[in-house]
Amino acid sequence: MSNSRRLRLALFGSGRIGQVHARNVAAHPNIDLAIIADPFIDGARRLAEETGARAVEDPEEVFAEQGLDGVIIGSPTNTHVDLISRSVDHGLAVLCEKPIDLDIQTVLECQQRLQGTTVPIMLGFNRRFDPHFSAVRSRVEAGEIGRLEQLTITSRDPEPAPRGYIETSGGIFRDMTIHDLDMARFFVPEIVEVSAVGSNVFSDDIEELGDFDSVVVTLRGSGGELINITNSRHCAFGYDQRLEAFGSEGLLSASNVTPTNVKKYSSAGTEESSPYLPFFLERYVQAYSAELEAFAHSIRTGAPCSPSFEDGVTALVLANAAEESATTGKTVTIGKA
Amino acid sequence: MSNSRRLRLALFGSGRIGQVHARNVAAHPNIDLAIIADPFIDGARRLAEETGARAVEDPEEVFAEQGLDGVIIGSPTNTHVDLISRSVDHGLAVLCEKPIDLDIQTVLECQQRLQGTTVPIMLGFNRRFDPHFSAVRSRVEAGEIGRLEQLTITSRDPEPAPRGYIETSGGIFRDMTIHDLDMARFFVPEIVEVSAVGSNVFSDDIEELGDFDSVVVTLRGSGGELINITNSRHCAFGYDQRLEAFGSEGLLSASNVTPTNVKKYSSAGTEESSPYLPFFLERYVQAYSAELEAFAHSIRTGAPCSPSFEDGVTALVLANAAEESATTGKTVTIGKA
Amino acid sequence: MSNSRRLRLALFGSGRIGQVHARNVAAHPNIDLAIIADPFIDGARRLAEETGARAVEDPEEVFAEQGLDGVIIGSPTNTHVDLISRSVDHGLAVLCEKPIDLDIQTVLECQQRLQGTTVPIMLGFNRRFDPHFSAVRSRVEAGEIGRLEQLTITSRDPEPAPRGYIETSGGIFRDMTIHDLDMARFFVPEIVEVSAVGSNVFSDDIEELGDFDSVVVTLRGSGGELINITNSRHCAFGYDQRLEAFGSEGLLSASNVTPTNVKKYSSAGTEESSPYLPFFLERYVQAYSAELEAFAHSIRTGAPCSPSFEDGVTALVLANAAEESATTGKTVTIGKA
Amino acid sequence: MSNSRRLRLALFGSGRIGQVHARNVAAHPNIDLAIIADPFIDGARRLAEETGARAVEDPEEVFAEQGLDGVIIGSPTNTHVDLISRSVDHGLAVLCEKPIDLDIQTVLECQQRLQGTTVPIMLGFNRRFDPHFSAVRSRVEAGEIGRLEQLTITSRDPEPAPRGYIETSGGIFRDMTIHDLDMARFFVPEIVEVSAVGSNVFSDDIEELGDFDSVVVTLRGSGGELINITNSRHCAFGYDQRLEAFGSEGLLSASNVTPTNVKKYSSAGTEESSPYLPFFLERYVQAYSAELEAFAHSIRTGAPCSPSFEDGVTALVLANAAEESATTGKTVTIGKA
């Protein structure tokens, strides 16, 4: 299979994340976006017009389409499992946004159903493709800091999602921390213990919903690595996405991203950086492109997807363990997969 | 005229800089590369194949082509003036690499010949389009640092070009400093005085050719602004491209660019940045794209080009003045254009 | 009592930390070092000669001395409680190195015995006096980042102490983390919960002694604040002492300290900082001076000491809780004092 | 002569700079301040009381005093030459604030008069003792960046001195740039050419006085080194004192100094440093102490002073050359001393 074979994809969902994927596919030199499926047909139509795709209401039209190579699932979480299964049944490669589902039973059943398939399934943990984080990881793998001992992940959203979103989000661990849990596994694939502490320090809304607005999670890897995740649902200075990998021979850090490296010096402030890129759409723009590229590569070559469906399962297992730990005050041991 | 009208361009020259332009055009969603003309037909053919263009040996084929909107001139310097004139005669918009010519008389004659034309002519001073430098300039224009008083430009190449290149380059002022002179004019359009000091500190080759390997140039703007340019033909830590704008109310700086913001801490070094992007092809990759965009915009809307042909003339006048000053030890006054 | 009244102090212990204190007192314009007591009389004599003090073997000579204002206790940990009690009995103000004792019972008995005394007793948690950390704390107190929500403390020693030291150190929580626990309380005085995870990732020696070489501790403050401490007994790039205070309106960070702000750029590394100050004697040199000043201030004015004896008790309680949590995998709740 | 022999000094002048020296001497463990001479006896008395010295009106009392080792001259510029000569006649070592005098003839006559003396005479170019700048210089000397090729000095005062001060200051080159000219010579002792450009961009007062408010000076060293100095009499973000040494194998930079390394992140600004130390009294506090130490060392050991009287002469020669160049628009060649 040639590495530059032209691919045809369909997209489920024309919301915020669907738009990111649609535009990336449209801009790609040798991937075409054939169909955008969304029951909210108006949004699908607008996006289809912009990207040269066809808008459809009914997902069945995707499965009826000839000559498709794969699908990108950016529809609501509760549709993921069904769309994954049906796509795989039709031999369509899948790039599915996280999480697979909020319910671990549903996820495990889906996993069982998919057992043995050779159709590529990739989970949308986009941060693995961020050039800064992935450079740290490559350099750790290359041995630049010796053996990895500690990993510190800081991840704060600029401001909480609306109450309605939080309500159905599955809680901070499954909605927000899950990205950091996958990032932890990007560096330390096997996690054996999870401790978490949650707190409510600024949002009455979130507290009323029985969720935390701030959490700290500590993981232990199978090699004794200690991983620390700090989350907050708000951050006055923008989207705070940082990482430090500490090893026996040094440390590698990735810091926040500014649109330019311009600094300002005035009576009001010294060496002020440009404001950080505001949120994930801006911060991870390169990551989404690289993710699409990796997905295309797996379709073309059959190379295993990373992050895989299993990575999606494990992230949810860890999120559930974190929630349990934060609730019970006890460290939760993770069994072998 | 719609702002997204599809454009067809031709390219003269398939060397290093020609390749940059060819690939940018090929990757652009609504600009097509129709023809690549180069007497070294093999290079033209390889590039044409890669970018979907047609390769020709004879520039006349470009002028014979129907439906072209403009040309990009990336051929050797001594072909520029002729290609500009002929393109304009054929009503083709021109994006010409710097310098227009090494000889000011030739340039002035060309300027006279072009007088009154409404065909867009843009000079390839790509650095005006660098996001870091252009952000500083926009913020200066927006008044963030009050009135601009001093501008400090540092510009060092990673290593000298081969002796053969230096020999026909027109000397450091016309070949290298000319970019910084245009950058100075990007901030302070009217320069009234030029002083320069040149030195030979590391290259016997360059000295034998009667050229300098290191220079410092001081300009005075019509508002009394003092602009300082420091150049070296080599730089052990890579391509050094920085700028500081100092005004009555503060300073804005643009520093060197790294591929990621990863820092390393080890026993061998503390807070080490990633190496800087190596040379202009990497450092100014965004600038070349933005330059093409601006060129397309001028073609579509008739908006005046910046940098213009006149900017190319003035940069050469200043380079000549700098050389004269470095040779005579006297400040050179620049007359009104 | 005048604020510049000349003070006379005695010092117990002429080891590494005793030398720091002796030299600070000797260099102080209006504090004199009268006596240095150490059964290892040779070390005491050398230090006494250098600092203009009298060396004695027997601590009783200190208590027999007339005209002393206070003592600094830098002798081995197991002598602290007795020396504190006796000094207070003699009306001598006390600056005692941490910890008060490794055994909480002994500490609590000592606390009871001291109940009601008005003699100043200060605990040597020197980091409260570090200009960088104390600037962050003052600015947090001043409301610069709104309400404090999260505190992240990174603290790594350049290399493990010798096995013999570790053996009697009381373990990493009571020996090393205790400083960070006090730093946490410098920002959030009332801690209500402690979770900790320990690991052995690099030192067989430490593992054999039943101690951890790496730990992560999470504290919850009474206002819901989440505090995170990361420790390692080694660090390839030197002494790693950093802190971030995150609040509702921003973040304040204090980073590692270099002897100068010189940066190096070469083919081997870009923007390399000078190496960090190697260990606590260098890193906290200003802190030890400021600590002495604060101690003198309390002696002269009767102002309450900060950190106080009670701060020393609480730090030990938290260190014990961290050890318990790391051992049992359960969050430990801290009762009201 | 022992290296710790107690020294007795006298001070001429109890103004701003006199106070710096008086307090440094008073704080020094083995240097005493015996006398402070100033016709404005009130100031002298206040300072004498604070530092334990004796205040006198008449400088003759200094020369009549027995057992003095040296003098520090911090009186008005026009008294320097006479005080230097008389001090040397009395065998008193001299630390004299810059400049020796504003008139080169007077300075050269003084130089002739001093010929052959073995009494230590040090010029107060305090910046040579700044730990940041001197670290750069030591590392350049150690060969860390190969052969020095270019030196860039940025030096901006926070705000112009009062009109009255400017009026008698001798002009920006002799008053302000002279420090940077000496800094240039700290790295490149032999300067062979001086070019300068001056401008008036913000101060009508300074323009009326026939002085510049902003200048750029380019020097050439005897090895072809190019040195660039940028000055402004004002700077919105504080005292701007920076330096970059560029060599065949890299670059070393020294940047502005903040009281702590705390950074602030808020909605109003990102990664804001603490404000820079405001002016020379704060910025160069360590430099003044190290200067005193070096002076004491020369007195005790007879080691040659650096900066020497000759360094003071040369700095004035260069300042005069810069003024000439700025006025005539011609590069000025410096003859061999």
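All chains are identified by letter, namely A, B, C and D, in their written order; residue positions are counted from 1 within each chain.
Going forward, a contact is a pair of C-beta atoms (placed from the backbone, for glycine too) under 8 Å apart; a residue touches a chain by one contact, two chains touch by 3 or more.
Chain identities (UniProt): A, B, C, D = Inositol 2-dehydrogenase.
Just so you know, these numbers come straight off a predicted model, no measurement behind them.
Colleague: Between chain pairs B-C and B-D, which one is joined by a greater number of C-beta pairs in contact?
Modeller: B-D
Colleague: If you average the CA coordinates per chain, which chain's centre is most distant from that of chain D?
Modeller: A
Colleague: Starting from the mean Cα coordinates of chain B and chain D, work out the distance between those two points in Å.
Modeller: Chain centres of chain B and chain D, defined by C-alpha means, are spaced 42 Å apart.
Colleague: Starting from the mean Cα coordinates of chain B and chain C, work out the distance between those two points in Å.
Modeller: Spacing between the chain centres: roughly 58 Å.
Colleague: Out of chain D, which residues touch more than one other chain, so two or more?
Modeller: In chain D, residues 145, 236-237, 249-251, 256, 265-267, 274 touch at least two other chains, as defined above.
Colleague: In their complex, what parts of chain A are in touch with chain D?
Modeller: Those in contact with chain D are residues 236-238, 256, 258, 265-276.
Colleague: Quick check: in the complex, which residue numbers of chain B touch chain D?
Modeller: That would be residues 145-147, 149-150, 152, 154, 156, 193, 195, 197, 199-202, 214-216, 218, 220, 223-226, 228, 230, 232, 234-237, 240, 246-251, 329-331 of chain B.
Colleague: Which residues of chain D touch chain C in the complex?
Modeller: These residues of chain D touch chain C: 27, 29, 131-132, 135-136, 139, 144-145, 249-257, 259-267, 274.
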